[in-house]
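Chain lettering (A, B, C and D) follows the sequence in which the chains are written, and residue indices restart at 1 in each chain.
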Amino acid sequence: MIRIQHEDFDPGAEIARLAADGAGAGGLCLFVGLVRDMAAGQPIAAMTLEHYPAMAERELARIEAEARSRWPLRAVAVIHRYGRLEPGDRIVLVATAADHRGHAFDACRFLIDWLKTRAPFWKKEETPAGEHWVAARTDDDETAAAWDKTRE
Amino acid sequence: MKVLYFAFLRDRTGTGEETVNPPPEVRTVGELVAWLSTRSQGHARAFAEMAAVRAAVNQEYARMDRVLGPDDEVAFFPPVTGGSGR
Amino acid sequence: MIRIQHEDFDPGAEIARLAADGAGAGGLCLFVGLVRDMAAGQPIAAMTLEHYPAMAERELARIEAEARSRWPLRAVAVIHRYGRLEPGDRIVLVATAADHRGHAFDACRFLIDWLKTRAPFWKKEETPAGEHWVAARTDDDETAAAWDKTRE
Amino acid sequence: MKVLYFAFLRDRTGTGEETVNPPPEVRTVGELVAWLSTRSQGHARAFAEMAAVRAAVNQEYARMDRVLGPDDEVAFFPPVTGGSGR
(Lines give C-alpha, C1' and ligand atoms only; values in the text may rest on other atoms or scores of the structure.)
Protein backbone atom coordinates (compact mmCIF):
# COMPACT_ATOMS: atom_id res chain seq x y z
CA MET A 1 0.00 0.00 0.00
CA ILE A 2 1.51 3.25 -1.24
CA ARG A 3 0.16 6.72 -0.53
CA ILE A 4 1.53 10.16 -1.41
CA GLN A 5 -0.40 12.97 0.18
CA HIS A 6 -0.14 16.41 1.72
CA GLU A 7 -2.48 15.55 4.61
CA ASP A 8 -1.19 14.10 7.84
CA PHE A 9 -1.71 10.38 8.55
CA ASP A 10 -2.62 8.54 11.74
CA PRO A 11 0.03 5.96 12.70
CA GLY A 12 -2.45 4.12 14.92
CA ALA A 13 -4.93 3.74 12.06
CA GLU A 14 -2.11 2.59 9.78
CA ILE A 15 -1.00 -0.07 12.27
CA ALA A 16 -4.59 -1.29 12.56
CA ARG A 17 -4.85 -1.51 8.77
CA LEU A 18 -1.47 -3.25 8.51
CA ALA A 19 -2.53 -5.81 11.14
CA ALA A 20 -5.79 -6.43 9.28
CA ASP A 21 -4.13 -6.68 5.84
CA GLY A 22 -1.41 -8.89 7.27
CA ALA A 23 -3.70 -11.07 9.40
CA GLY A 24 -1.75 -14.04 10.72
CA ALA A 25 1.54 -12.14 10.98
CA GLY A 26 3.63 -12.53 14.12
CA GLY A 27 5.13 -9.08 14.05
CA LEU A 28 4.58 -5.55 12.81
CA CYS A 29 7.45 -3.12 12.36
CA LEU A 30 6.82 0.55 11.75
CA PHE A 31 9.01 3.58 11.26
CA VAL A 32 7.77 7.17 11.29
CA GLY A 33 10.06 9.99 10.19
CA LEU A 34 9.50 13.42 11.72
CA VAL A 35 10.59 16.95 10.86
CA ARG A 36 13.44 17.87 13.19
CA ASP A 37 13.76 21.32 14.72
CA MET A 38 17.48 21.55 14.02
CA ALA A 39 19.60 20.72 10.99
CA ALA A 40 23.34 21.25 10.68
CA GLY A 41 23.22 23.23 13.93
CA GLN A 42 20.59 25.66 12.65
CA PRO A 43 17.02 25.95 13.90
CA ILE A 44 14.45 24.96 11.28
CA ALA A 45 11.24 26.98 11.16
CA ALA A 46 9.63 24.75 8.53
CA MET A 47 10.40 22.73 5.43
CA THR A 48 8.69 22.25 2.12
CA LEU A 49 8.77 18.89 0.37
CA GLU A 50 8.56 19.12 -3.40
CA HIS A 51 7.98 15.94 -5.39
CA TYR A 52 7.55 14.56 -8.90
CA PRO A 53 4.14 12.95 -8.55
CA ALA A 54 4.06 10.40 -11.38
CA MET A 55 7.60 9.22 -10.73
CA ALA A 56 7.14 9.17 -6.94
CA GLU A 57 4.20 6.79 -7.37
CA ARG A 58 6.23 4.52 -9.60
CA GLU A 59 9.33 4.56 -7.39
CA LEU A 60 7.41 3.85 -4.19
CA ALA A 61 5.55 1.00 -5.91
CA ARG A 62 8.89 -0.33 -7.12
CA ILE A 63 10.40 -0.10 -3.63
CA GLU A 64 7.44 -1.99 -2.16
CA ALA A 65 7.72 -4.68 -4.87
CA GLU A 66 11.45 -4.99 -4.22
CA ALA A 67 10.86 -5.46 -0.47
CA ARG A 68 8.19 -8.08 -1.13
CA SER A 69 10.54 -9.95 -3.47
CA ARG A 70 13.27 -10.04 -0.83
CA TRP A 71 11.26 -10.98 2.27
CA PRO A 72 8.06 -12.94 2.88
CA LEU A 73 5.80 -10.06 3.93
CA ARG A 74 2.09 -10.22 4.70
CA ALA A 75 1.55 -6.47 4.33
CA VAL A 76 3.50 -3.33 3.49
CA ALA A 77 2.59 0.33 3.96
CA VAL A 78 4.46 3.35 2.64
CA ILE A 79 3.12 6.88 3.07
CA HIS A 80 5.06 10.00 2.09
CA ARG A 81 3.83 13.53 2.58
CA TYR A 82 4.64 16.61 0.49
CA GLY A 83 4.15 20.34 0.93
CA ARG A 84 5.00 22.57 3.86
CA LEU A 85 5.68 20.82 7.19
CA GLU A 86 6.77 22.10 10.58
CA PRO A 87 9.07 20.63 13.24
CA GLY A 88 7.49 17.60 14.88
CA ASP A 89 5.24 16.94 11.86
CA ARG A 90 5.21 13.43 10.41
CA ILE A 91 6.89 13.16 6.99
CA VAL A 92 6.95 9.48 6.15
CA LEU A 93 5.72 6.13 7.39
CA VAL A 94 7.00 2.71 6.37
CA ALA A 95 5.60 -0.44 7.94
CA THR A 96 5.70 -4.19 7.41
CA ALA A 97 3.87 -7.25 8.69
CA ALA A 98 5.68 -10.58 8.59
CA ASP A 99 5.59 -13.98 10.21
CA HIS A 100 9.04 -13.48 11.70
CA ARG A 101 10.29 -10.36 13.39
CA GLY A 102 13.65 -10.36 11.62
CA HIS A 103 11.91 -10.13 8.25
CA ALA A 104 9.64 -7.33 9.46
CA PHE A 105 12.61 -5.32 10.77
CA ASP A 106 14.88 -5.90 7.77
CA ALA A 107 12.18 -5.06 5.24
CA CYS A 108 11.08 -1.94 7.14
CA ARG A 109 14.61 -0.63 7.27
CA PHE A 110 15.21 -1.48 3.64
CA LEU A 111 12.10 0.49 2.66
CA ILE A 112 13.20 3.69 4.38
CA ASP A 113 16.82 3.37 3.24
CA TRP A 114 15.85 2.87 -0.39
CA LEU A 115 13.11 5.44 -0.32
CA LYS A 116 15.54 8.07 0.91
CA THR A 117 17.85 7.61 -2.05
CA ARG A 118 15.38 6.80 -4.84
CA ALA A 119 11.98 8.40 -4.28
CA PRO A 120 11.82 11.82 -6.01
CA PHE A 121 11.17 14.16 -3.08
CA TRP A 122 13.25 17.24 -2.27
CA LYS A 123 13.37 19.23 0.94
CA LYS A 124 13.69 22.99 1.17
CA GLU A 125 14.41 24.20 4.69
CA GLU A 126 13.46 27.58 6.17
CA THR A 127 16.09 28.80 8.63
CA PRO A 128 16.92 32.22 10.14
CA ALA A 129 19.56 32.48 7.39
CA GLY A 130 16.95 32.00 4.67
CA GLU A 131 15.66 29.13 2.57
CA HIS A 132 17.81 26.47 0.99
CA TRP A 133 17.49 23.11 -0.73
CA VAL A 134 18.83 20.31 1.43
CA ALA A 135 21.82 18.54 -0.10
CA ALA A 136 21.68 14.75 -0.38
CA ARG A 137 23.82 12.89 2.10
CA THR A 138 26.56 10.60 0.87
CA ASP A 139 26.03 8.29 3.83
CA ASP A 140 22.42 7.75 2.78
CA ASP A 141 23.65 6.54 -0.58
CA GLU A 142 26.09 4.24 1.15
CA THR A 143 23.39 2.92 3.46
CA ALA A 144 21.13 2.15 0.52
CA ALA A 145 23.99 0.71 -1.53
CA ALA A 146 24.74 -1.73 1.29
CA TRP A 147 21.39 -3.39 0.49
CA ASP A 148 22.55 -3.99 -3.07
CA LYS A 149 25.43 -6.02 -1.72
CA THR A 150 23.04 -8.26 0.20
CA ARG A 151 21.44 -9.26 -3.08
CA GLU A 152 23.21 -11.95 -5.09
CA MET B 1 9.17 16.69 -25.87
CA LYS B 2 8.15 17.61 -22.32
CA VAL B 3 10.91 18.65 -19.92
CA LEU B 4 10.35 18.94 -16.17
CA TYR B 5 12.55 20.66 -13.58
CA PHE B 6 12.48 20.17 -9.82
CA ALA B 7 14.05 21.78 -6.76
CA PHE B 8 17.03 24.04 -7.54
CA LEU B 9 16.75 23.28 -11.26
CA ARG B 10 13.22 24.66 -11.25
CA ASP B 11 14.43 27.75 -9.37
CA ARG B 12 17.30 28.39 -11.78
CA THR B 13 15.47 27.71 -15.04
CA GLY B 14 12.52 29.69 -13.73
CA THR B 15 10.09 27.01 -14.89
CA GLY B 16 8.74 23.67 -13.70
CA GLU B 17 7.81 22.40 -17.13
CA GLU B 18 8.37 23.34 -20.74
CA THR B 19 7.72 21.77 -24.11
CA VAL B 20 10.74 21.83 -26.38
CA ASN B 21 11.56 20.78 -29.93
CA PRO B 22 15.28 20.11 -30.02
CA PRO B 23 16.93 19.65 -33.43
CA PRO B 24 17.37 16.07 -34.68
CA GLU B 25 21.06 15.92 -33.70
CA VAL B 26 19.97 15.99 -30.03
CA ARG B 27 19.53 12.27 -29.50
CA THR B 28 20.49 11.54 -25.88
CA VAL B 29 19.76 12.96 -22.45
CA GLY B 30 23.28 14.38 -22.32
CA GLU B 31 22.84 16.08 -25.69
CA LEU B 32 19.52 17.48 -24.50
CA VAL B 33 21.26 18.95 -21.44
CA ALA B 34 23.81 20.66 -23.67
CA TRP B 35 21.11 22.02 -25.93
CA LEU B 36 18.86 23.17 -23.06
CA SER B 37 21.84 24.96 -21.48
CA THR B 38 21.86 27.35 -24.46
CA ARG B 39 18.23 28.42 -23.92
CA SER B 40 18.91 30.94 -21.15
CA GLN B 41 21.40 31.96 -18.49
CA GLY B 42 19.10 30.27 -15.96
CA HIS B 43 19.24 27.01 -17.89
CA ALA B 44 23.01 27.27 -18.09
CA ARG B 45 23.19 27.76 -14.32
CA ALA B 46 20.80 24.86 -13.67
CA PHE B 47 23.09 22.49 -15.58
CA ALA B 48 26.38 24.07 -14.48
CA GLU B 49 27.20 21.26 -12.07
CA MET B 50 26.10 17.98 -13.58
CA ALA B 51 27.32 15.95 -10.59
CA ALA B 52 24.33 17.43 -8.74
CA VAL B 53 21.82 16.61 -11.49
CA ARG B 54 19.83 13.40 -11.97
CA ALA B 55 17.63 12.62 -14.96
CA ALA B 56 14.54 10.52 -15.48
CA VAL B 57 12.86 9.56 -18.74
CA ASN B 58 9.19 8.63 -18.54
CA GLN B 59 9.43 8.57 -14.72
CA GLU B 60 12.38 6.21 -14.57
CA TYR B 61 15.96 7.07 -13.71
CA ALA B 62 18.00 7.43 -16.87
CA ARG B 63 21.66 7.89 -17.69
CA MET B 64 23.11 10.63 -19.85
CA ASP B 65 23.54 8.26 -22.80
CA ARG B 66 19.87 7.29 -22.81
CA VAL B 67 18.42 7.82 -26.33
CA LEU B 68 15.30 9.99 -26.43
CA GLY B 69 12.10 9.83 -28.49
CA PRO B 70 9.90 12.81 -29.41
CA ASP B 71 7.12 11.85 -26.96
CA ASP B 72 9.35 11.24 -23.95
CA GLU B 73 8.88 13.08 -20.66
CA VAL B 74 12.32 14.06 -19.44
CA ALA B 75 12.87 15.31 -15.87
CA PHE B 76 15.92 16.91 -14.28
CA PHE B 77 16.40 17.18 -10.52
CA PRO B 78 19.04 16.96 -7.78
CA PRO B 79 19.72 13.78 -5.76
CA VAL B 80 16.61 13.11 -3.71
CA THR B 81 16.26 14.16 -0.07
CA GLY B 82 12.92 12.73 1.02
CA GLY B 83 12.27 10.45 3.96
CA SER B 84 13.16 11.64 7.40
CA GLY B 85 16.24 13.40 8.71
CA ARG B 86 19.16 11.03 8.84
CA MET C 1 8.71 3.53 30.01
CA ILE C 2 8.00 -0.04 31.07
CA ARG C 3 4.57 -1.58 31.52
CA ILE C 4 3.49 -5.13 32.32
CA GLN C 5 -0.23 -5.67 32.11
CA HIS C 6 -2.94 -8.10 31.17
CA GLU C 7 -5.00 -5.48 29.34
CA ASP C 8 -4.50 -4.74 25.69
CA PHE C 9 -2.66 -1.57 24.64
CA ASP C 10 -3.27 0.90 21.82
CA PRO C 11 -0.26 1.19 19.49
CA GLY C 12 -1.49 4.54 18.17
CA ALA C 13 -1.67 5.99 21.67
CA GLU C 14 1.79 4.60 22.44
CA ILE C 15 3.26 6.20 19.32
CA ALA C 16 1.69 9.52 20.29
CA ARG C 17 3.15 9.24 23.77
CA LEU C 18 6.55 8.24 22.39
CA ALA C 19 6.54 11.22 20.03
CA ALA C 20 5.62 13.55 22.90
CA ASP C 21 8.18 12.07 25.32
CA GLY C 22 10.82 12.11 22.59
CA ALA C 23 9.98 15.55 21.21
CA GLY C 24 12.68 16.66 18.78
CA ALA C 25 13.39 13.13 17.55
CA GLY C 26 13.74 12.56 13.82
CA GLY C 27 12.42 8.99 13.85
CA LEU C 28 10.21 6.61 15.75
CA CYS C 29 10.61 2.85 15.41
CA LEU C 30 8.02 0.49 16.81
CA PHE C 31 7.59 -3.27 16.87
CA VAL C 32 4.41 -5.06 17.90
CA GLY C 33 4.43 -8.82 18.46
CA LEU C 34 1.19 -10.70 17.84
CA VAL C 35 -0.14 -14.13 18.75
CA ARG C 36 0.14 -16.33 15.66
CA ASP C 37 -2.55 -18.81 14.69
CA MET C 38 -0.07 -21.57 13.89
CA ALA C 39 3.03 -22.84 15.65
CA ALA C 40 5.16 -25.76 14.54
CA GLY C 41 2.49 -26.61 11.95
CA GLN C 42 -0.27 -26.84 14.55
CA PRO C 43 -3.22 -24.48 14.89
CA ILE C 44 -3.16 -22.49 18.12
CA ALA C 45 -6.48 -21.85 19.83
CA ALA C 46 -4.98 -19.59 22.50
CA MET C 47 -1.93 -19.12 24.65
CA THR C 48 -1.36 -18.16 28.25
CA LEU C 49 1.60 -16.03 29.24
CA GLU C 50 2.83 -16.66 32.76
CA HIS C 51 5.36 -14.27 34.27
CA TYR C 52 7.41 -13.55 37.37
CA PRO C 53 6.16 -10.05 38.17
CA ALA C 54 8.92 -8.60 40.35
CA MET C 55 11.69 -9.95 38.15
CA ALA C 56 9.92 -9.03 34.91
CA GLU C 57 9.79 -5.39 36.10
CA ARG C 58 13.48 -5.46 36.93
CA GLU C 59 14.54 -7.16 33.71
CA LEU C 60 12.52 -4.86 31.47
CA ALA C 61 13.91 -1.82 33.30
CA ARG C 62 17.39 -3.26 32.85
CA ILE C 63 16.82 -3.88 29.15
CA GLU C 64 15.60 -0.30 28.71
CA ALA C 65 18.63 1.04 30.59
CA GLU C 66 20.95 -1.10 28.48
CA ALA C 67 19.41 0.22 25.26
CA ARG C 68 19.70 3.81 26.50
CA SER C 69 23.36 3.24 27.37
CA ARG C 70 24.11 1.92 23.88
CA TRP C 71 22.24 4.45 21.74
CA PRO C 72 21.25 8.10 22.14
CA LEU C 73 17.50 7.66 22.57
CA ARG C 74 14.95 10.36 23.33
CA ALA C 75 12.26 7.93 24.46
CA VAL C 76 11.75 4.19 24.95
CA ALA C 77 8.55 2.22 25.47
CA VAL C 78 8.26 -1.45 26.41
CA ILE C 79 4.91 -3.08 27.12
CA HIS C 80 4.45 -6.80 27.74
CA ARG C 81 1.13 -8.50 28.36
CA TYR C 82 0.47 -11.62 30.41
CA GLY C 83 -2.51 -13.95 30.81
CA ARG C 84 -4.62 -15.68 28.19
CA LEU C 85 -4.37 -14.31 24.64
CA GLU C 86 -5.84 -15.43 21.34
CA PRO C 87 -4.47 -15.43 17.79
CA GLY C 88 -4.11 -11.91 16.46
CA ASP C 89 -3.90 -10.43 19.96
CA ARG C 90 -1.03 -8.08 20.71
CA ILE C 91 1.58 -9.54 23.10
CA VAL C 92 4.38 -7.03 23.25
CA LEU C 93 5.34 -3.56 22.07
CA VAL C 94 8.83 -2.09 21.93
CA ALA C 95 9.40 1.40 20.57
CA THR C 96 12.15 3.99 20.39
CA ALA C 97 12.51 7.65 19.48
CA ALA C 98 15.92 8.86 18.32
CA ASP C 99 17.48 11.67 16.34
CA HIS C 100 18.74 9.26 13.68
CA ARG C 101 16.79 6.42 12.17
CA GLY C 102 19.63 3.91 12.45
CA HIS C 103 19.71 4.36 16.22
CA ALA C 104 15.93 4.01 16.48
CA PHE C 105 15.98 0.78 14.43
CA ASP C 106 18.97 -0.77 16.15
CA ALA C 107 17.70 -0.01 19.65
CA CYS C 108 14.19 -1.27 18.87
CA ARG C 109 15.51 -4.54 17.55
CA PHE C 110 17.90 -4.90 20.45
CA LEU C 111 15.01 -4.43 22.90
CA ILE C 112 12.90 -7.21 21.41
CA ASP C 113 15.86 -9.56 20.95
CA TRP C 114 17.03 -9.15 24.54
CA LEU C 115 13.54 -9.18 25.97
CA LYS C 116 12.85 -12.52 24.32
CA THR C 117 15.81 -14.19 25.99
CA ARG C 118 15.88 -12.42 29.37
CA ALA C 119 12.43 -11.22 30.46
CA PRO C 120 10.76 -13.89 32.64
CA PHE C 121 7.63 -14.70 30.62
CA TRP C 122 6.59 -18.20 29.57
CA LYS C 123 4.07 -19.23 26.95
CA LYS C 124 1.71 -22.16 27.23
CA GLU C 125 -0.06 -22.97 23.96
CA GLU C 126 -3.47 -24.56 23.56
CA THR C 127 -3.60 -26.80 20.49
CA PRO C 128 -5.95 -29.60 19.36
CA ALA C 129 -3.35 -32.00 20.83
CA GLY C 130 -3.59 -30.35 24.26
CA GLU C 131 -1.68 -27.74 26.21
CA HIS C 132 2.09 -27.46 26.31
CA TRP C 133 4.77 -25.07 27.44
CA VAL C 134 6.63 -23.55 24.50
CA ALA C 135 10.31 -24.47 24.40
CA ALA C 136 12.84 -21.68 24.11
CA ARG C 137 14.45 -21.33 20.72
CA THR C 138 18.19 -21.66 20.34
CA ASP C 139 18.22 -19.14 17.51
CA ASP C 140 16.70 -16.53 19.83
CA ASP C 141 19.64 -17.01 22.18
CA GLU C 142 22.01 -16.67 19.25
CA THR C 143 20.25 -13.55 18.04
CA ALA C 144 20.49 -11.95 21.46
CA ALA C 145 24.08 -13.11 21.95
CA ALA C 146 25.05 -11.37 18.71
CA TRP C 147 24.35 -8.06 20.47
CA ASP C 148 26.91 -8.97 23.13
CA LYS C 149 29.55 -9.15 20.42
CA THR C 150 28.73 -5.62 19.28
CA ARG C 151 29.71 -4.35 22.71
CA GLU C 152 33.41 -3.87 23.35
CA MET D 1 13.82 -18.85 52.40
CA LYS D 2 11.14 -18.29 49.75
CA VAL D 3 11.26 -20.50 46.66
CA LEU D 4 9.19 -19.75 43.53
CA TYR D 5 8.44 -22.04 40.58
CA PHE D 6 7.21 -21.03 37.15
CA ALA D 7 5.92 -22.78 34.03
CA PHE D 8 6.63 -26.52 33.94
CA LEU D 9 8.43 -26.38 37.26
CA ARG D 10 5.27 -25.07 38.89
CA ASP D 11 3.26 -27.83 37.21
CA ARG D 12 5.62 -30.55 38.35
CA THR D 13 6.21 -29.39 41.90
CA GLY D 14 2.50 -28.66 42.23
CA THR D 15 3.22 -25.27 43.81
CA GLY D 16 4.06 -21.77 42.71
CA GLU D 17 5.68 -20.74 45.98
CA GLU D 18 6.87 -22.38 49.16
CA THR D 19 8.84 -21.33 52.21
CA VAL D 20 11.63 -23.72 53.07
CA ASN D 21 14.27 -24.04 55.79
CA PRO D 22 17.10 -26.01 54.27
CA PRO D 23 19.84 -27.33 56.62
CA PRO D 24 22.99 -25.19 56.99
CA GLU D 25 25.04 -27.37 54.63
CA VAL D 26 22.82 -26.13 51.75
CA ARG D 27 24.79 -23.01 50.83
CA THR D 28 24.41 -22.55 47.05
CA VAL D 29 21.63 -22.57 44.47
CA GLY D 30 22.89 -25.92 43.18
CA GLU D 31 22.85 -27.41 46.69
CA LEU D 32 19.33 -26.04 47.16
CA VAL D 33 18.24 -27.79 43.96
CA ALA D 34 19.63 -31.10 45.22
CA TRP D 35 17.91 -30.66 48.58
CA LEU D 36 14.57 -29.57 47.07
CA SER D 37 14.66 -32.58 44.73
CA THR D 38 14.29 -34.84 47.80
CA ARG D 39 11.05 -33.16 48.95
CA SER D 40 8.71 -35.00 46.56
CA GLN D 41 8.57 -36.98 43.35
CA GLY D 42 7.21 -33.83 41.72
CA HIS D 43 10.22 -31.80 42.86
CA ALA D 44 12.53 -34.53 41.59
CA ARG D 45 10.81 -34.41 38.20
CA ALA D 46 10.95 -30.60 38.09
CA PHE D 47 14.73 -30.68 38.50
CA ALA D 48 15.34 -33.83 36.47
CA GLU D 49 16.75 -31.94 33.50
CA MET D 50 18.82 -29.04 34.78
CA ALA D 51 19.74 -27.88 31.25
CA ALA D 52 16.12 -26.68 31.02
CA VAL D 53 16.17 -24.88 34.38
CA ARG D 54 17.20 -21.29 35.07
CA ALA D 55 17.52 -19.74 38.53
CA ALA D 56 17.13 -16.23 39.88
CA VAL D 57 18.02 -14.94 43.34
CA ASN D 58 16.20 -11.81 44.45
CA GLN D 59 14.87 -11.32 40.91
CA GLU D 60 18.24 -11.51 39.20
CA TYR D 61 19.60 -14.36 37.14
CA ALA D 62 21.95 -16.49 39.26
CA ARG D 63 24.31 -19.34 38.60
CA MET D 64 24.26 -22.66 40.42
CA ASP D 65 27.29 -21.68 42.51
CA ARG D 66 25.62 -18.53 43.83
CA VAL D 67 25.74 -18.53 47.67
CA LEU D 68 22.37 -18.06 49.38
CA GLY D 69 21.26 -16.16 52.48
CA PRO D 70 18.26 -17.04 54.65
CA ASP D 71 16.14 -14.11 53.41
CA ASP D 72 16.75 -14.68 49.71
CA GLU D 73 13.94 -15.18 47.23
CA VAL D 74 14.98 -18.00 44.90
CA ALA D 75 13.09 -18.71 41.69
CA PHE D 76 13.33 -21.63 39.26
CA PHE D 77 11.95 -21.57 35.75
CA PRO D 78 12.67 -22.71 32.20
CA PRO D 79 14.38 -20.52 29.58
CA VAL D 80 12.04 -17.65 28.85
CA THR D 81 9.67 -17.60 25.88
CA GLY D 82 8.05 -14.17 26.02
CA GLY D 83 7.99 -11.61 23.25
CA SER D 84 6.39 -12.52 19.98
CA GLY D 85 6.69 -15.63 17.83
CA ARG D 86 10.05 -15.81 16.17
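The rule is simple: a residue touches a chain if its C-beta (ideal position, glycine included) is under 8 Å from a C-beta of that chain, and two chains touch if they have at least 3 such contacts.
Computed from a predicted structure; not experimentally measured.
Contact tally for A-D versus A-B: the pair with more C-beta pairs in contact is A-B.
If each chain is reduced to the centroid of its CA atoms, chain B and chain C end up 48 Å from each other.
Rounded to whole angstrom, the centroid-to-centroid distance between chain B and chain D, based on C-alpha atoms, equals 72 Å. Between the Cα centres of chain A and chain B there is a gap of 25 Å. For chain C, residues touching at least two other chains, in rising order: 26-27, 32-34, 36, 99, 101-102, 112.
For chain B, the set of residues that touch two or more other chains comprises 84-86. Chain contacts in this assembly follow no simple pattern; the graph is neither a line, a ring, a star nor complete. Contact between chains, using the touch rule, shows up for A-B, A-C, A-D, B-C, C-D. Residues 4, 6-8, 10-11, 56, 59-61, 73, 75, 77-86 of chain D touch chain C in their complex. Within the complex formed with chain D, the residues of chain C that make contact are 32-36, 39, 49-52, 54-55, 58-59, 80, 91-92, 112, 115-124, 133-137, 139-141. Residues 26-27, 99-102 of chain C are the ones touching chain B in the complex.
Chain contact summary for the complex, chain C toward chain A: residues 10-13, 15-16, 19, 23-34, 36-38, 87-88, 99, 101-102, 104-105, 108-109, 112, 143.
Residue ranges of chain D in contact with chain A, taken from their complex: 84-86.
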